[in-house]
Every structure is written in structure tokens, then in C-alpha cells.
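One chain, chain A, appears in both complexes that follow, with chain B as partner in the first and chain C in the second.
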Partner chain A sequence: MRALVVLRTLLAHWRRHPVELATLLVGLAVATALWSGVQALNAQARASYDRAAAVLGGDVLSTVVAADGQRFPLEDYVALRRAGWKVSPVIEGDMRRADGSVRVLGVDPVTLPPAAGSLDIGEGAERLTQFLTPPNLALAAPETVARLGGAQDLPPLAESADLPPDTLVVDIAVAERLLDAPGRLSRLLLAPGETRALPAALAGRLRVEAPRETGDLDRLTDSFHLNLTAFGFLSFVVGLFIVYSAIGLAFEQRKPMLRTLRACGVSARMLTGVMVGELVGLALVAGLAGVVAGYAIAASLLPDVAASLRGLYGARVPGSLSLAPAWWAAGIAISVGGALFAAAGSLWRAWTLPLLAPAQPQAWLQAQRRGLRLQGALAAAIGAGALAALVFGDGLVAGFAVMGGLLLAAALLLPSVLAGVLSLGARGARRPMVQWLWADGRQQLSGLSLALMALLLALAVNVGVGTMVDSFRRTFTGWLDQRLAAEVYLTAADAEGAQAVALWLDARPEVRARLPIWNVEGRLRDWPVEIYGFRDDPTYRDNWPLIATLPEAWDRVAAGEAALVSEQLARRLNLALGETVTLPSPQGPWPVEVAAIYSDYGNPEGQVMVAVDALTARWPEVDRRRLALRVAPEAAAALVTDLRAAFPGVEAVDQRALKDLSKRIFERTFTVTVALNALTLAVAGIALLTSLLTLSNLRLVQLAPLWAMGVTRRRLAAIEMGKALALAALTALAALPLGLAVAWVLTAVINVQAFGWKLPIFLFPGQWLTLLGMALATAFLAALWPAWRLRRASPLTLLQGFSNER
Partner chain B sequence: MSARWLIFLLLFPAAVQGQGYAGLGSGAGGYAAVTAPAALEFPRDHGAHPGFRIEWWYLTANLKGEDGEDFGAQWTLFRQAGRPEPEAEGWASGQIWMGHAALTTADAHRVAETFARGGIGQAGVETAPFRAWIDDWEMTGTDDGIGALTVAARGEDFAYRLKVRTDHEPVLQGVAGFSVKSEAGQASYYYSQPFYAVSGEIEVEGRRVAVTGRAWLDREWSSQPLAEDQSGWDWFSLHLEDGAKVMLFRLRSETEPPFLSGTWIAPDGTPTPLAPDQIAMTPVAETEVAGRRLPVGWRIEVPDFGLAVDTEPLNAQSWMGTLFPYWEGPISVTGSHDGRGYLEMTGYE
Partner chain C sequence: MLDVDAVSKSYATAQGPIEVLRCVSLGLGPGRTLALTGESGSGKSTLLHLIAGLDAVDAGTIRLGGSCVTGLGDAARAALRRTAIGLIFQQFNLIPSLDVAGNLGFQARIGGRHDAAWQEELTERLGLGEVQARFPEQLSGGQQQRVAIGRALAGRPALILADEPTGNLDEATGEAVMALLLELVDASGASLLMVTHSPRLAAMLDARVTLRAGRVA
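Take a look at the complex of A and B:
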């Protein structure tokens, strides 16, 4: 009963200060929203990778695949079955269609092992029979059925809820036709319990692969999701600053009330208990609002995330959110946990609150110095840790440790730096008012430092990410020009079609060169890798973006002795120039020397380039459908039009369209990062506002004497505003070098670990000015209301500053 | 809905609608029809008949170990046409094959089952020389006849390899191979080779046992062997001590009395079709098997040939827990004649 009375008394405070209540709730909700929004995006994407990996029991069943990773003849399957192996055949591949490709999975339901999971066809014998008998059925996720329904080149579609998007499961007879792979198989599902070694006749060409709990997609996209998580966490931390300030403010204001309650006989235990209860209640409300907002953020960002995952990794993530109840619970839990963490200090002070107010501690300067020294030492320790992670660490987590350490150390150092600047200023000051100004600035610093730290972090990360994105954009654009040097790129429906097109092209005088882009997919030390064959041509020699090269690399590659290797692959496998890499070919292992390393941005898979004749000699089954054409640039558009008219089945695209497409994918990749960045800055602004509000109440004690000595309220308000702007500007200046350091960590450490490529950094001073402006604007907006309140403060309020109420 | 269920529906689409055991009672639309006279011809008819909807190669063997222990072995290959159109090549074939193998001892009945698509060579039947196979199970002849075969199959917990041999010609069932299955005239083409002598080896419970005995091969194909009201059958193949062989079956109907038929095969191989009123088949002992009650003991009478015997299973639990479950196991015969044989019972719910 008594607890209820205490609670009602405590809650009365919020009724009188609705804006503070709103700030607290908004801060907590925003922090929760950003965090759970990012988690939702990750969860959604991961769930669809898992779904993709689990299709046909890929997560539990071993498979038999060709040693070279290519498709293999049906006869191998029959031979294994005839040797008593319980295997079931699968053909899979991408079917190119006008509106993008579709993954086709062909299965043989007759031999499909039960562990391959069930095909959810729905009720009714009719549909089941249809799957196996012409015109057959294609199973697909409901959204895919909605998108592809009625397509002429596909069997009738039926819904199956468990499938990933843009994936069709069809009978193997249908898949063979759709994928134009008669008599070929991609892999065999192996029923559990088979422990024999493969028959000798097949052992050279086939191998058994253990089930993969995580698919390639999971591994390849790991870095993408870790990036998102890091940004989500940053936003959350910045959001907690708001909560900290709001709770601190409330505590300061309620101190007399708390003392009164304690004096009335409420125990410290009960008081703190009720405060915890109050806080948890508020956090639940804010958390609920936060997860709802997080859902909204995720839903609005998901199309971009899905598009960039698809563009970058070929991952198929549904465009609509479906989240497990655990996600909602986790969002609310992190809200409560965050609130308790941010309130720990205030709660501790409530617990230990002395019944009688001690004399106002005038020795704040000493206390501040002590605090700053402590923070400085902590910053040094954390900075040393970050440095150690940089030097000795390896992997993406170490990269983020460097980043986190750097940011935290810088944030902790910020008050010392600002204090230093302010005391330097004070030393130069002569007039009393100016001296007071500097000194007061330092006094204010303690209360504002957390908000300024939040601002520093938000600004620095903005500078860092902005620098990285723009550096990447500039590099990428130049790189695209090098990589897409040919004017026209085309893909025929099949090898015969490509042959026909080649003949047709030979009769066109404007075609200066016809370059095959033939490739096979393989695996190198268990990583997916693309092996491309190219014909020696100035197009490559003059343009290809080589990072490092041996002398006469091109001649040696053209002679079939060596290969070009992409930067990602070289980093992943630790390959240096002159080393030998062994490619698994159907004709047996093929050792080639690494003659050069080239940049291959945006490609999660490793790439190897070899002479096209060497490729076809070792991989007779190579995909021969793609060609690049060198034509006079002005003739390209007309040639594409003619090509499309002459060969309706051929996809022809000119260089400019391809570049546009690549740039679009690129832009979408960073949409999420940029959006989170903007939100983080907004959160930092709210934090600053809360802190200033907190201080404006506390500072009446400091300002009242000045007012009493004749400084007008208007002037005082202007001074307060000026100080807020100056501190923000100082913070922004500090954020600049920190931001560049962040950019360096991002490009030289995190990108290399996450994606396998290193970027040159370019500096964009225009961006810095914008950011400085944004920092000042944020500070201005945040300081506006407290200053306005001060200006409109009644003399009575100011007089109360002397009444020593506290 | 599991893939297995899918095959079930494909193989026997009418089964879910309750028409006869395993859908054998549904219409024959589009498939080749069974008409009299049969005009069977060998070795052609040892091979597959893809125009007909269903067909089987069905071998059962009563075996004895050197110490007198009794065993039973079953090797069966079923073929089913998924659609009446002519067989296409490769995966598009439309034919589906199913293999059942079993090995019975007095206290265990071990079963294996496997499936295959037609058109790719995983399963099939060839003549010249004769060869029927699915996965690593096979029934292989040395020439285009079926007088000498090697029969082998393997499950998770058993294996056998048997040589079966006879000098007898195949025996045509019914009227020269045209076997009527109901009063309404449903029929199949049906011949048997009941005269095999067997020698071979079985592997079970970690031991290898040399065995000898007798085997019976049934060949049957049709597009609609059961009438719509017929729910299952009880089928006997008997090797009598005096060298005669008897085939009897009883097709149960939901609305009519059972339809009885059979063939008395003299020791020289001369068949005499038995009319319904010449046969009496009476269940005398029931046992609970796989959650249902089955008549595992029978009284069999064919008075015109002086036959009045009781049959008893080697193992009453000879349950084939396959996709379409049924009872199939070795039996012993006592009474007016002694002998051994096989009993098959289908359609008991």
C-alpha cells in the first residue's frame, strides 16, 4: 500500500513536467527503435538464408558433388544407385528471365530422402499428380507465385510457404528443360547412414560434401550484417545518452521530494524499489513504442536492404517483414535493460541519498579535475587496447574492436580537451564578464559532457562513413570505367545461340572485336570462386584495374601459364604474386601462377581470370553464352537495337546501361548506412536538448547572481546560446580528425576484413563544412528552448536561485 | 505433404478415394486393355509392357539352412505407368519403379523398399539376356529365358543372393494367361514359373547361411485388375510334396461374396484352371499384426484334387511395412498334402 503512495508521489513529478517525460520516453523509444529495426533487418535476412540453406535438407544432408564443382552426367547418379547408394538427384541453377533471374531447383520426388524435408504442396491428390506429370507444377513462395503467375515459359505455379523467394521447385524433368541441362545434374542428396567411400570409378570426379549448417550466403553476408549491427548499436548507445540525461534531470528535480519522502519514513530500499518499478514501467511503454517504430524503420528500409543483398550477394530476401515473437520480446527487454543501465547512477544516488542536504559542494572544480583525470586514464587504456587490436588483431571483430575503442577513447577524452581549451581561453581573459564566461563554461562542461560525447560520436561516424562512401563512390566509378571497357555486353540463351550471334556479328563492320566472357563456377578451399576465360586483347591490357603485377603478366596469362586473381580471393586465401594456386578442373587439378591481382569491388565471390583457350581445354562444359563487343561508342546503341531485333532471345546491353545498373546497386547498398547515420545525428540532437534542459534548471543558481548584478535576461540567454554553439563547434572540430580516423579504420581495416578490398581515401572538405553546419544547427535547435525559457524566466524564479532550496 | 505421400498418390491415385487396394480398382482410361485371348509369347513377355498401367516381377522362395532352419525370401519389382501416353525418354519417361525385398525368419521379418524413375537406367527390365533390376537389386538370366536366374537384394539388416533354376516352361494362369479377377470381367495377363529349385546364401543377424529350397515367380500386368468394389485379396502359392503346385486367390468385395480363382499345376507343369465352386478358402486363425487383425491361419480345400490342408505362417508377423503395407510370408502346409508356400494378404485396414 505504502509503495503505491510513494509511486503516486513520484509520478506526480511527471504530470508537472510533461516535456521531460516525453523526452525520456522518446529517447528510450528512439534508441530501442534503431536497435530493434536493425535487428529486424538482420533477422529477416538471416531467416531467409537459413530457409534457402534448409531447402532439400541442405542443412542436414550430405551431398555428392563433382570435384570441380560443375554439373556432372546423369549416368554418374545411375551408377551410384546401381552400386546401392541411396542418393537423390538435384539440378539447380538460375533461369534468366526478362524481369530478373529465378533460381530453379529440380528434384526427383521418387527418391527424395525423407530428411530432405517435405514439399508443401497443399491438399488434394490432383495437385500432387500434377507435379510429376506434364504440364507439371512449380512450387514457389506465395510472393513469387504472385509475381510470376501466368508466365508462359514456366509450368503452372503452386504456393509452398517454406520456400525462399524467387525459387521454383520443380520436377527434375522440368528443371532439365528450364535450365537447358539435359542429362546433367548439380548434386546428389545422400540419405543419412551412408558411410562407404565412393566407388573407385567415380571417386576422382565426385566427392562427398558434409551438410552445411550455414550456407555460403550466411558467410558471405556476415560482414554486411555485422556492419548493420554496429551501426544499430551505435545508435542505441547514443540514444541511451538521452535517457541518461533525462533521468539525471528528473533526479535532480525530485531530490527535495525524495528527501521529504525519506524524512516521512520511507526506507531507502522501498524508495529505490519504487523508482526501479517506475522506471521499468516507463521503459516498457517506451520499449513497446520503440519496437513498433523499429518495425516501421525495418519495413521501410527492407526493400533497399533486400535489393543490395541481392545485388551484392545474389541473396534472395523477401520484401515483406515477418518477425518472430522473440524479436518483439528482445526489443522490449533491451529497452528496459538500457533504461536501468542509464539510470544506475541516479538510482545509486537515491539509495545513498543523505537525509539532510550537505553544504553545496563548492569544490566542483576539484571534483571535475579528478573526474577528468580518471576519464583521461580510462581513455588512454581503451586507446591502447584499440591499438593492440589494430596491431595484433585479425578478423572483422578485431576491426570493430579497433573502431569501438577509438570512438570510446575519443569520447572519454573530449571533456579533457574541451576543459583544456576553456582554461586556455580563461588565461587570456581580462574582463570579469569574459573570465566568468570561460569559467562558467568549464563548470557547465560536467553536465554537458555526456551529450557532447554523443554529439562527437554521431559527428565522427558521420564524417567517417561519409568519407568512406564518397571515396568508394569515386573509386568505384573509375573502376567501373576500367572494368566495363567494352561497349556492348550480350548473353545468349544457349551456346548455339551465342554461336549464331557470333556469326551475325562477324558481318557487322562496326564490331572491332568480339571477346568471349566464358566462365565456370567452382570452389577453392571451400570458398565459391568464378573462373573466367578471356581473350588477350588491348581492352584488357589497357584497362584492367591491376593492383599488383609481375612483369609480363599479360603475356604469361595469355600463354596459359598464369592467372589473374581478384583482390578478395588473394586476401581470403593469402595469395601473393608468384605463388601457385591450384584450380580444380574436370581434367584434374590445374596449378597456375598468380601473375597479377586486380580489384573487383562489390563481388562477394573470388574471381580468377585465365586465357579462354586454357579454360575451354580444361572445362569443356564452360558456359559460353556471354560476349563483350568492342565497337565505336557512337554505334553501340544502334547495334544493340539491331541485335535485339535479330535475336529476341539474346540479352544485349550497352556499357552505359550496365554502369547505371551497377551504380544503382551501389547506391542502394549505402542507403541503409546513410539513413542510420542521419537518425543517429538526430538522436544526438535530442540528447543535447535534454542535457541543456537539465542544466538550464540547475544553472539558475549560477545565473541568478549575474542577473542580480544587472545582466539582462536577454543577454544571459544570448550568452547561454553562444556557449552551447561554441561547445558544439569545438566538438565538431574535434569530431573531424576523429571522423577521418574512423574513415581510415573503415576503409583500411573493416572493409578489408569484411569485403576483401581496400579503398583509397579521398578527402571531401565540403562535406566537413556541411557537417559543422549541421552540428551548429543541432546545437542551436537544442539550445533554443532553454535560452528562450531563460529569457522569459520570471524574476521570482531567478530570485529563488538564492533561496537555497536545495 | 511428404514426397513419399506424393508417390503414393501418383502410383495409386485412386487409393485416397477408397477405390480398392492401392488404387487398383480405378478406371483404365487411355492405358492398353487386357483382352482375351492372351497370346503370350516368350521371351517377349518376360520384358516390360509400358502401355499397361501396372506390372510386376514377383519372386518368393521357401528356403532351408543346412541345419534345417526355415527362411523365406521375397524379391519384387513393380512398374507403374504415371500416364497413358507412350513412354518418353529420360526423366520425362513417366514410368515409376518400386522394389520390395524381404527376408523372413521364425522370429523376424526384414523388409526393404526402393523407388526409381524410368527412362534413366536406374531400374528396368530387359530381355536377351533377361535382366530385371532396381538400384543394386537384380534378377539376372544367362540367356533370354527365365530358366536360370540369379536373384539378389540387400536391405539395411539383411541380404541374399540366390540361384534359381528349372527346366520347366512357364505356366500360363487363367485361360492361357488371361486371368479373370471379377464377375464383371476385370482381368490381367498372368503367368508363373513355380518350379524353381534354389541354392544360395543369405546374410542375416551377422551370419551367412547357405540355403536351398523352392521358388515361385509370378508375372502379371494389367491396367485395371480389380473391380471397384473389391478391397483386397488373399493369395496362395503352394509347393506340394508330390511335386504339384497350387495357386489360389480370393478377391474380397465390399458388397458381393468373394471372387475365388486358382490353378492346379500338375508335377509335369500342366495347368488346370479352377472354377470358383471348386475352391474353399477359410480363415481359421487370426493374429494382431501392425495394429490390425489378420487371418494368418487358413483351411484350404480343393476336393476335386483331394486337397484338404491347413496352413500356418513361419512368422505371423510377416508384415511389409512399405508405402503400401501388406502381409507376405512363407507358410507351411499340413493335412492331405504336406508342403510349403507363400501367402499374401492385402487390403486389410
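Take a look at the complex of A and C:
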């Protein structure tokens, strides 16, 4: 009962200060929304990867695969079954269709181990018969059935809820036809308990692979999700700045009331307990609003995230959200946790609040100096930690530790830097209003510093990410010109078709060179890798984007003695020039020397380039459908038209179309980053607005004496506006070097760890001016209402300032 | 020098308008001092605020020197306060971000009436020489009020308006501050209109006007 009375008394404060209450709720809701939104995106994507990994018991069953990672003959399966092995055949591959590719999985339901339980063929013999006999059945996720239903080139579709999107499970005979791979298998599922060694006759060509707890997609997309998480966390922290500031102000405003309550017999334990209860209640309300907003943010960003994941990693993520109740609970919990964390200082001060106010209040200047010294020491310690992580750390987490440390240290130093600048300004000031302006700016700093720190973080991250994205864009455009040097690229429907096209092309005089783009896929030290064969041609020698090379590298690669490796593969496997790497081929291990390293932006998989003759000698069954053509640029379009007319099954595209497509994928990849960037800046804007709003009541009391001494309200309002703009401009100036440091950490540390490539940094002064303008606009909008209120303040309001407690 | 003629003022509230001053008239000559007394809520502070141009009258006129305060706009009233009026508040109302020296000279300097020698004399006579570099929160109540007095007098205004200047001080300190105020007002040649509850302090001034329920008693 007593607690209720205390709670009612505490809540009365918010009725009298609705702006502060709104600030607290908005801060918490915004922080929760951005964090929950990002978590929803990650959760949705990871659930899809898990569904993909769990298909056919991939996460629990061992498999038999070819040593070179290719398909192997059906006879090997027959040999194992005859030897008494409990194995079940699987063939899988991508089927290209006009509206995108579909993953096809062919299985034999009769031999399928029960542990491959995610395959839901349905009850009864009738359904199994339908699956096995023409026209057969293809199982697919409901959204895939909705998308592909009625397709003429596929069997009738039936829903199976556990399957990932864009995946079809069919009888193995159907899969052979759809994938054009008669008599070939991708893998054999081993029944649990089968632990024998493979027969000697097969051991050279096949190997047993243990089940993977995490699939390739999980590993390859880790960095993408970590980037998203980092952004979500940054927004959450920026949002908590608002909460911290609102709770701190409320505590200061309620201090006399808290003393009175204590004097009336409320124990410190009860007072603090009720304050915690009050805070948890508010956090639940804000958290609920936050997760709803987070859902909306995630739903609006998911199509772009799904497109990015598909473009970058080939990951199939549905474009609509379906979230578990745990996500909602986690969102509300993070709101409550964040509120308690932000309020910890104020709650401690309430717990230890002396009953009597000290006779000599601490001078603000002394307190401010002590606070700045403490912050400076903390910043130095965090900065040293970031430096240590940079020098000694390894991996993506160390990279983010460097960035987090750098941002936090800079944010903590900001008030000291601003105080120093204001002190310098005060020294040179002669006129009294100017002197007051500088001195008052320093005093106001403690109330605004959190909002300015949030603005600094948002601006610096904007500069950093903007510089990184634009540097990447410029590098990527130049790199595309190097990589896509040929004028036309084509893919035939099958190997025979490719041969017919080659003959047709030989008769075309405008075709200067016909370059094979033949590749196989395999695994190198347990990482997926693509091995490409290329024909020695000036197209490569003159254009290929080499980063490091041995002398006469091209000659040695052409002779089949060496290979070119992509930058990310070299970094991932720690390969140096001159080192030997052993490629797994059907003819046995093939050791080649690393002769050069080239950049291969945007590809999550490692790549190796070898001479095409060496490739076909070791992988006779290499996919030979793709070709690049060198023709006079002006003849390219006509050649593509003729090709399509002569060979309807051939996909032909000219260089410009391919570059446009690549650039579109690039832009889409960064849509989410740019959106989160803008949201973070918006949160910082809200932080500044709420700080100025909550301070504006206090400011009236501070400005009233100046008005009484003859400074007009109009002038005071102009001064207040000018001061907010000046502080924002100073913060923006400080954000510039910090942002460039962030860009360097992103491109030289995090990108290298996350994606395996390093980028050159370019400077974009136009972008800085835009951000400065945005910072000033944010400050202008944030200061507009308080300044207008001051300008329009009635004498009565200002006179009340003389009687208020100061 | 100061002529208040038939001034009325009311405030609108949720319960309807409250008449605070009803047809109040009084006058104050150059170099003279006047105590304004009365019970709480009798309109003393409101009258002081109207004279200072901090608020506008509903009816009546207030003339200060050659200026009609009630006929001036916001900017002109602000200019009048900068140059002709010194204000002393019960709550001191010093500028927390400026040190003692900065506070002392502030109004005189923004009014273009700064006299370094006079400020130095004021500093010395107010006993603030040792604390010039301190900030308001580092001062005792008596010291803060002395700074407020110095600030009001530094520009040599024609009129000092003081609203219970010793209301926040203990008796001994209050009397010392009062004596100092009268001495310095005399030295500067200004007139003083002071709101007070204390009959003893009122008796120290040349004349007294008592307000009761918004009227001169």
C-alpha cells in the first residue's frame, strides 16, 4: 500500500513533465525498434539457413561425396549397396529458369534413412506412388508452391512446410532429367551407425564427410550478419543516450521530492524499488511499441536483405517475416535491460541520496572538470584497448572491437574537446555578451554532451560508411572494367549446344577470340572453392586485376605449372606468392604454385584460375557451356541478336548489360546499410531534439536574468539557436577525422576479416559538406522549438524563473 | 523621477481574472529612497515588475525620467532596463556561467555604461576583491547578494529596484547588506524603490508606501 502511494507520487512527476516522459518512451522505443528490427532480419535469414542445412538430415547424417567435390557415377552407389552399406543416393543442383534458379534435390524415398526426417512425403502408399511414378510430385515450401505452381517444366507441386524456399525435392529419376545429369550422383546419405571404412576400390575417389553443425551459408554470411548486428547495436546505443539523458534529468528534477519522501519515512530500499518498478513499467510500454516498430522496419528492409543475400551468397531467404514468440519477448527484455542499464547511475544516486541537501552545493565548474578528467582517462584506456586489438587482435570480432573502442573513446573525449574550444574562444572575447556566450556554452555542455556524443557517433559512422561505400563503388566500377573485358558472354544449354555455338562463332569474322569460362566446384581445406580454366590471351594479361604477382606468372600459369588465386582465398588460407596449394581433382591431388593474387570483389567463395588445358585434363567432365567473346564493341549487340536467333536455348548477354546487372546488385547490397545509416542519424537527431527540449525549461530560468537586464527575447532566442548550430558544427568537424578513421578500420580491418578483400580509400569532400549541412539542419530543427518558445515566452513565464528553485 | 499613475494589473487564471493592482499611484524623486511594504499577495512584486518593464500594465501610466515606460515596446523597454534601471532580486539571479567580475560588470557593459574605476570601487566597497574569480555557486548567500547589488549599481542607473534583497539572508547579514546598499545608492546618486516585509528595514528608507489587496493603503 505504501509502495503504491510512493509510486503514485513519483508518477505525478510525469504528468507535470509530459515532454520528458515522451522523451524517455521515444528513446527506449527507438533503441528497441532498431535493435529488434536487425535481430528479426538476422533471425529470419538464419532460420532459412538452418532449414537449408537440415534438409535430408544434413545436420545429423554423414555423407559419402567425391574427393574432388564433383558428381560421381551411379555405379559407385550400386557397389556400396552390394557391399552391404546402408546408403541412400542424392543428386542436387541448380536448375536455371527464366524467373531465377531453383535448387533441385533428387532422392530415393525407399532407401532414405529415417533421420532424414525433414522430408514430408505424406501419409499412405498413394502419396508415395504419386511421388515415384509419372507425372510424379515435387515437394516444396508453401511460398515456393505459390510462386512456381502451374509451371510446365516441373512436376505437379505439393507443399512441405519444412523445406527452405526455392527448393524442390523430387524422385531421383526426375532430378536426373531436370538437372541433365543421367547416371550421376552428388552424394550418398549414410545411415546412422555405419562406421566402416570405404572399400579400397572407392577410397581414392570417394570420402566420408561428417555432418556439419553449421552449413556453408552460415559461415559465409556470418560477416554480413555481424555487420547488421553492429549497426543495430550502434543504433541501440545511440537510443540509450536519449534514455540516459531523460532519466538523469528526471532524477535531478525529482531530487527535492525524493528527499521529502525520505524525510517522510520512505526507506531507501522502498524508494529505489518503486523507482525500478516505475522504470520497468515504462520500459514494457516502450518496449512493446519498439518491437512493433522493429517488426515494421524489418519487414520493409527484408526484401533488400534477401536480395543482398541471394546476390552475394546465393542464400535463399523468404521475402516475408515469420517470427517466433521468443523474438517478441527478447525485444521487450532488451528494452527493460537497456532502461535499467541507462538508469543504473540515477538509481544508485537515489539509493545513496543524503536526506539533507549539502550546505555548499558543488560548483558546476569543479564537477564538470572532474567529470571531464574522468571521461578523458576512460577514453584513453578504451583507446589503448582498441589499439591493442588492432595490433594483437585477429578476426572479425577484434575488428569490431577496434571500431567500437575508437568510437567510444572519441565520444567520451568530445566534451573535453568542445570545452577546450569554448575556453579558447572565451579567452579572446572582449564584449560581455560574447563572453557570456562562450561561458554559458561551457556550462550548457554537460546537459547537451550526451546528445552531441550521439550526433558525433552517427555523423562519424555516416562519414565512415559513406566513404567506404563510395570508395567501394569507385573501385568496383574500375574492377568491373578489368574483369568484364570481353564484349559478349554466353551460356549454352548443354555441352553439345556449346560445341555447335563454337562452330557457328568460328565462321563469324567479327569474333576476334573465343575464351572458355569453364569451371568446377570443390573444397579446399574445408572451404568451398571455384576452379576456373582460362585460355592464355591478351584479354587476361592486359586487364586482369592482379594485386601481387611473381615474375612471368602468366607464362607459368599457361604452362600448367602455377595458378592465380583470389585475394579472399589467399587471405582465408593464408597463402603467399610462391607457396604451393594442392587442388583435389578426380585424377588425384594436384599441387600448383601460387603465381599471382587478384582481387575478386563480391564473391564469398574462393577462386583459383588455372590453364584451361590443365583443367580439362584433370576434370574431364568440367562444365563447358560458358564462353566469353572478344569482338569489336560496336558489333557486340548485333552478334548477341544473331546468337539468340540462331540458338534459342543460348543465354547471351553483352558486356554493358552484365555491368549494369552487377552494379544493380552492388547498389542493392548497400541499400540496407544506407537505410540503417540514415536511421542512426535520425535517432541522433531525436537525441539532440529531446535534450534541447528537456533543457529548455531549465534554460528559461537561466536566461530570465539576462532578459531582466535588458537583453530582448528575440536576441536570446537567436543566441540559443546560434549556439546549438555552433555546437553541431563543431561536433560535425570533430566527426570528420573520426569518420575517416572509421572508414579506414572498415576497409583495412573489418572488410579484410569479413570478406577477405582490402579496398583503397578515396576521399569525397562533397559528401562531407552534405553531412555538415545535415548536422546543421538537424540542430536547426532540434533548436527551433525551444528557440521559438523562448521568443514567444510571456513575461509571466520568464518572471516565474525568478522564483523557481535553481 | 518615477511617476506611477493609476496603474492596474490583473492575471487570467482558470478560475477567472485576478486583480493584483487596482489604480495604484506613487512617486519617487531623484536620489530618494522608498520602501514598498504589504502582505504577501498584495501586489508589491508585480508593481516592481511593471516599473521595470518586465510586464505590461492593463491601465495607467508609468513614467521614468523622460520616458513613458507603459508606452514603450518590448525592445525599447529592454533598452531602458539596460541603461536606466538596476534590478536586485531576492533569489540573487546571478549568471552561473560567469565569475564574480563577469557578473559585476555584465549589465553596465551591455548597456554601454561600463566604468572600470567605478566597478573597482564597488568591488572594494562590497568586499568582493578576494572572490572575483569565483563562480556564484562558490559564494555564500551574503556574497551573492553583494554581487547582485554591485551588478545593479555598476552602470550608474537612475533607479534601483530591489525585491526583498535581504529575504534570503540571516538577520545580521541582511542588515550589513542593507547598510551597504543604502550607502552605495547614496554614493551613486540613484533612487531606490525596495519591496520588503520588514518594518525595520522599511524604516531605514526615506519614505514608505503600503499596499493592501492591490491598493495603496
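In this text, the second predicted complex is superposed on the first by the 774 of 806 C-alpha atoms of A that agree within 3 Å, B and C clash if a C-alpha of one lies under 4 Å from a C-alpha of the other, contacts with A are read in each partner's own complex, and residues count from 1 in each chain.
As a convention for this text, a residue touches a chain if its C-beta (ideal position, glycine included) is under 8 Å from a C-beta of that chain, and two chains touch if they have at least 3 such contacts.
Since the model is a prediction, treat every value here as computed from it, not as a measurement.
Student: With the two complexes superposed on chain A, say which partner A:D94 touches: chain B (first), chain C (second), both, or neither.
Tutor: A:D94: touches no partner chain.
Student: Would you sort A:L74 into first (chain B), second (chain C), both or neither based on which partner it touches?
Tutor: After superposing on A, A:L74 lies in contact with chain B but is clear of chain C.
Student: Who does A:E579 touch here: chain B (first), chain C (second), both, or neither?
Tutor: neither
Student: First (chain B), second (chain C), both or neither: which does A:A173 touch?
Tutor: A:A173 sits against chain B, while chain C stays out of touch.
Student: Identify the partner contact of A:T111: answer first if only chain B is touched, second if only chain C is, both if each is, neither if none is.
Tutor: first
Student: Touching A:G84 in the superposition: chain B (first), chain C (second), both, neither?
Tutor: First partner only.
Student: Just checking: does A:D555 make contact with chain B only, chain C only, both, or neither of them? Give me first, second, both or neither.
Tutor: Neither: A:D555 stays clear of chain B and chain C.
Student: Show me the chain A residues, by the header's touch rule, that chain B contacts in one structure and chain C contacts in the other.
Tutor: Residues common to the chain A contacts of chain C and of chain B do not exist here, since the sets are disjoint.
Student: How about chain B: which of its residues touch chain A in the complex?
Tutor: Within the complex, chain B touches chain A at residues 1-7, 9-10, 13, 16-17, 82-83, 90-92, 94, 96, 114-117, 120-122, 133, 135-136, 154, 156.
Student: Can you name the residues of chain A that touch chain C in the complex?
Tutor: 361-365, 431-433, 435-436, 439-440, 442-443, 702, 704-714, 795-796, 798-799, 802-803, 806
Student: Any idea which chain A residues touch chain B in the complex?
Tutor: Per the stated touch rule, the residues are 74-75, 77-78, 81-84, 86, 107-112, 114, 116, 118-123, 125, 128-129, 131-134, 171-173, 176, 182-183, 193.
Student: Mind pulling up the chain C residues that touch chain A in the complex?
Tutor: Going through chain C, the ones touching chain A are 11, 49, 52, 54-56, 74-75, 78-83, 87, 89-91, 93-98, 102, 105-107, 109-111, 135, 137-138, 163.
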